[in-house]
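Structure incoming, see below.
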Amino acid sequence: MVYALPNLTDDSYFITLMIFSGINAIVAIGLCILMGSAGQVSLGQAGFYGIGAYASSVLSQSFGLPVVISMLCAAVISGIAAVILAAPSLRLKGHYLAVATLGFGEIIHIILNEFGPGGPSGFGDIPALSAGGFVLTTPAHVAWVVWGILLLLMIFSLNMLNARPGRALRALHGSETACNAMGLDVVGLKIKVFVLSAVYASIAGSLYAHYVSFISPSSFTLFHSVLLLMMVVLGGITTVWGGLVGAVIITLLPETLKAFEELDVLVYGLILTLSLLFLRRGIVPIVTAKIHSLLVRRNA
Amino acid sequence: MLEVQNISKVFGGVHALVDVSFSVAEGSLSALIGPNGAGKTTMMNIISGIFPPDKGSISFKGGVITRLSPAAIARRGLSRTFQHIELFAEMTVLENILVGRYIKSRSGFLAAGLRLPFVRTEEEKNRAKSLEILASIGLEGKADELASNLPLGEQRMLEIGRALATEPSLLLLDEPAAGLNIRETRDLGKMIVRLNTEREITILLVEHDMDLVMRISTSITVLNFGQKIASGKPADIQRNRDVITAYLGEEDPSC
Amino acid sequence: MMNFFKATLAVTLLLMISVSFAAAQEPIRIGAILSVTGAASFLGEPEKNTVIMLKEQINKAGGINGRPLEVIVEDSKSDETQAVLAAKKLIERDKVVAIIGPSTTGESMAVISTMMQNKVMLISAAAGTGITLPVKERYWIFKTAQYDMSAVEAIYYELKKKGIVKVGIITITTGFGDAGRKALQEIASQYGISIVADERYGPKDSDMTAQLTKIRAAGAQAVINWSVGPGQVVVTKNWHALKMGIPLYQSHGWGSKKNIELAGKAAEGVIAPLGRVVIWDKLPEKHIQKALLKKYVTEYEARFKGEPGQFGAHAYDAMQMIAEALKKVGPDRQKLRDYVENNLKNWPGAGGVYNMSPSDHCGLDKNAFEMVVVKNGDWMLLK
Amino acid sequence: MLTVFLQFLFSGLTVGSVYALVGMGFNIIYNATSIINLAQGEFVVIGGLLMWFFLESCKLPFLLAVALTILSAGLVALIMERLTIRPLKTNDLLIMIMVTVAVAIVMRGLLMFKFGKEPYSFAAFTEGDPLVIGGAVIQLQTLWVLGITGTCILALYAFFNLTIAGKAMRACSFDPTAASLVGIPVSRMIMFSFILSAMVGAIGGIAITPISLMEYDKGPMLAVKGFCAAMMGGLGRGRGAVVGGLTIGVLESMTAGYIHSGLKDAVALLILLSILFFRPAGLFGNAAMQRLKGH
């Protein structure tokens, strides 16, 4: 994308792409922490994303709450949903956890379809992002806000991962037996990390809804969950930077592939397959390892 | 410090432990020995809470811990190592120790993410403490290596170091010498004694290596087929008929 | 591997750039956002074909007052996010003067704010009422698809004539089915009709016997199914197999010969309100739409080996409206909009006869439909 | 009342037997590799669409068309396994699952390219009026689907328990290392498992297309339902998937009939979740087996 940057900066199409990349990246870094650090799989992340979008939209539109407040409330609701999902899922591992989260995501989708305002058709005229009377009208403003939030969450995540809770999460991934012997509250940690990733997804969902101003259940399906998973795996699961990079690539890729017209789905699938086969550890870990080895060689 | 009273455990019809009692005195360096299948590891797992006993009770520092979770037991000051090494393989040596500091620190998700001032001081303190532990187990030069890259002997040391980081009052060592060569075993023995005497940590050692046990422990309990057959000072145990018979079946009793 | 990526990326970007700069002879650009792939591809496919065919015909006939017409078709993949992106791209990067589409109600709703902000006319090919209403907040938005309400009115009018007062409805859980369901519920009482069973099914469901059984048990005198895609064929087959003994009405989405073919014998007797594009050959010669429909449908079928159907017709009308406006007022976004709003009176299109006005940005009513029954594997006008 | 109940039951069994066939496909591959092959639904689609191609487009005789369809599906699976699963020498299940997702996207692209987006169908295997049992109607093709599902179960059971190849495949699932030590070509067994599950999927596609039609993007839905069926019965247990599939089908249909059709998928999922939470090894799995496999 670097080739295209200079002459595109004041192009609102490009800015919109950046907004969607940023929104996806917020979900992806949450998923990275959940999967890469804590080793929990989620095939239901679109569910939390959807809760964030719907809850915030309804609260701000029907109840007239300020957007910021409704986003925070939505995050709380998602967090509660995460506890409800996580508590019984904790005994499950691998495929079983995957199918439990998948079921959760699908149930959320069905609930939105059946009971969401507008049903399957969705609903519109959702208030735009605003804070303290200042309404964000242009895409450029929204892009700043989205990437600003992304940056803050990134810093938050890195801080967290490099301190006590982050180490505990990675330890959980390594050996649960040893974690118990070290006195770690395994159950609590797992619930907390689920909540954390749900809150990230919820914030992203709210941003999406307030930016597009129209939402329908079709944006919050299993396929979106799989796509999110793809971002994380492609970018590299072991670091939150991987989530960021993967989200940007997966968001931009279909746009880049438009030149292939009808064949784009095919090319898209092929690129994904090849990347998974040859960039198995994910782009970010591979690139950092490469840079690392280059530096080492130079120093030697 | 630790009272094990009338513990029994049956696994699918096999009596792994039958009515076993023993105690570990404060400040002692006790050992639990016995031939293969005697029930030593089962006893370790029951003490540390991995599974509950069928009968009997265990008290630690005056409180009953029989049905507590492993984590709760660890938080009361009872830490352990594993026969099959359970390090956090993808984390560095220093990070492994730092995980051990978990229960001795308190910064949560929010505080850590926001990097509140107290988090920073706590992190610094933990770091200093961990480096000190690394030095005491001779791994100070390898702080940033991945745990999985260490040789076996150092991995065992690291497990002990990680357990030390929780500042335990009782340390359970589950076959720490397994797989080590003679020199490594000798160093290990010295270190265990040092922990016992200098840091004043009570130690319960489960070990195969009779030589090591006889050399360093102050009191010994012997299990065979799930039953306690003897306990006492090393010199007494070495002369005990039952013990010799028990070991003759499988191992060389000369040590 | 990285080199391969770089190469792909570079080639793709070059292609994109070459596409957008191949504007040597100053063509007039319009955009189209269509669900060419994804769940709503049954809409986007004929729409895209229609748009491409019309563009070539217009250019062959001398273009827009001598200037070539260029249509940039964006595939929204039946996804709202993609539709928004496509709208931004068309407006910002391709500087189009008007946009056709999107194909579905959801996608149309999603792009409305973008169109309003950028002051570009959108002629949607989707049916949802909310697309053009309230008209005050939809200054730049028009649509060529008949209101769902109109199709419902056509059916209810028919039912009333037959004295049927209790119906069971079965709808698909997509935007299309949901819009139909709401319309069916909303005006049932106006026609003295009560809905005794309200059943739904998913877009990929393979058996609707349970829902139909429930409708029969509820004592309905007719079944109304509202869906597009394979679901309507499955419902028809189940209805036939169950020998329900009550008539089956389908929505205006039924209008494809393919459906009769897939349902076989089961389709006999199914009644639906269809646009005239489907039954143009059954129309009397002097009908105002006959000539243009004959030309459109025969040319389309010759070229694409399939029928344009109801949905192709929406794109046809949108394209013709824009082309006519461009010829009359030139490529000015505001003037184009004003022309479409004020000058299309009694305007024959493929989807019906339009009467656009400042208070109606659709311009069609239930007269856009003919009630059609399936007889001997063909359509027949219901008299 | 009974009539209505029976009708719901038949409807559920029809839908459920498809889920069961897809679920069996999941199990075959899972048993040999511990992979969840999320491209499983695409094999069903390939079955339906290729059958249409051979039967209606090439005008081949019915049985020849069936044989060619099943063989082609096997071939596709062979190519998939050799090109993507085999080169992927990793223990990371997540990567393996994501690869199957990517392959499914490629397959959908190819199917769309060849067949377009519209649904396809061909005539039911036998002409004739539906049967009426207790007032409830059951289509002849439904009987075919049920019969074929039953035959597949029996055939697979015989294959895994009576033939050397089948026993070898089961051995691979218990312990690949031990299996290779006693001379079983594990890699070839994995390949066979992909071929076999593709064939089972394709058979399902052939059987259901006259009832439910087939279009290029039906795969993911089938995969999700089949996956749920396999989980409900206990992942890796052939008969479990059948019971799981039929249970889900009947539950969906009963929910649609007695509660509300909009909620039918939700009820099936809720039951699946409760089974997961309270009996993680599935209705028929035993917990010890699950621990052994370690997933």
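For clarity, chains are labelled A, B, C and D in written order, and residue numbers in each chain start from 1.
Everything that follows uses one rule, which is that a contact is a pair of C-beta atoms (placed from the backbone, for glycine too) under 8 Å apart; a residue touches a chain by one contact, two chains touch by 3 or more.
Treat the numbers as computed from the prediction; the structure is a model and nothing was measured.
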Moving only from a chain to one it touches, give the least number of moves from chain A to chain C.
1
Enter the minimum step count from chain B to chain C; a value of 1 means the two chains touch.
2
When the mean CA coordinate of each chain is compared with the mean CA coordinate of the whole protein, which chain is closest?
A
Which chain's C-alpha centroid is most distant from that of chain B?
C
Between the Cα centroids of chain B and chain D the separation in whole angstrom comes to 50
Computed distance of Cα centres, chain B from chain A, in Å
42
Taking the mean of the CA coordinates per chain, how far is chain A from chain D in Å?
31
Chain-centre distance (mean CA atoms) for chain C and chain D, in whole Å, is 35
Scan chain D for residues touching two or more other chains and write them down.
112, 262, 265
Where in chain B do residues touch two or more of the other chains?
none
I need the residues of chain A touching at least two other chains; which ones are they?
113, 262, 265
Touching pairs here come out as A-B, A-C, A-D, C-D
Residue positions on chain B within touch of chain A in the complex are 48-50, 69-72, 74-75, 79-80, 82, 86-91, 95, 98-103, 105, 107-109, 112-115, 119, 122-123, 126, 162-163, 166
Quick check on the complex: what are the chain A residues that touch chain C?
1, 3-4, 11-13, 16-17, 20, 113, 118-122, 124-125, 137, 139, 208, 212-216, 218-219, 254-262, 264-265, 271, 274-275, 278-279
Inside the complex, what are the residues of chain D that reach chain A?
36, 84, 87-88, 90, 92-95, 97-99, 101-110, 112-113, 220, 224, 227-228, 231, 235, 262-263, 265-266, 269-270, 272-273, 276-277, 280, 295
In the complex with chain D, residue positions of chain A that touch it
35, 41, 88-89, 91-96, 98-100, 102-104, 106-107, 110-111, 113-114, 222-223, 226, 229-230, 233, 237, 262-263, 265-270, 272-273, 276-277, 280
Touch list for chain C against partner chain A, complex:
1, 4, 8-10, 12-13, 15-16, 19, 36-37, 39, 74-75, 77-82, 84-85, 88-89, 91-93, 105-106, 109-110, 112-113, 117, 128, 130, 137, 173-175, 177-179, 181-182
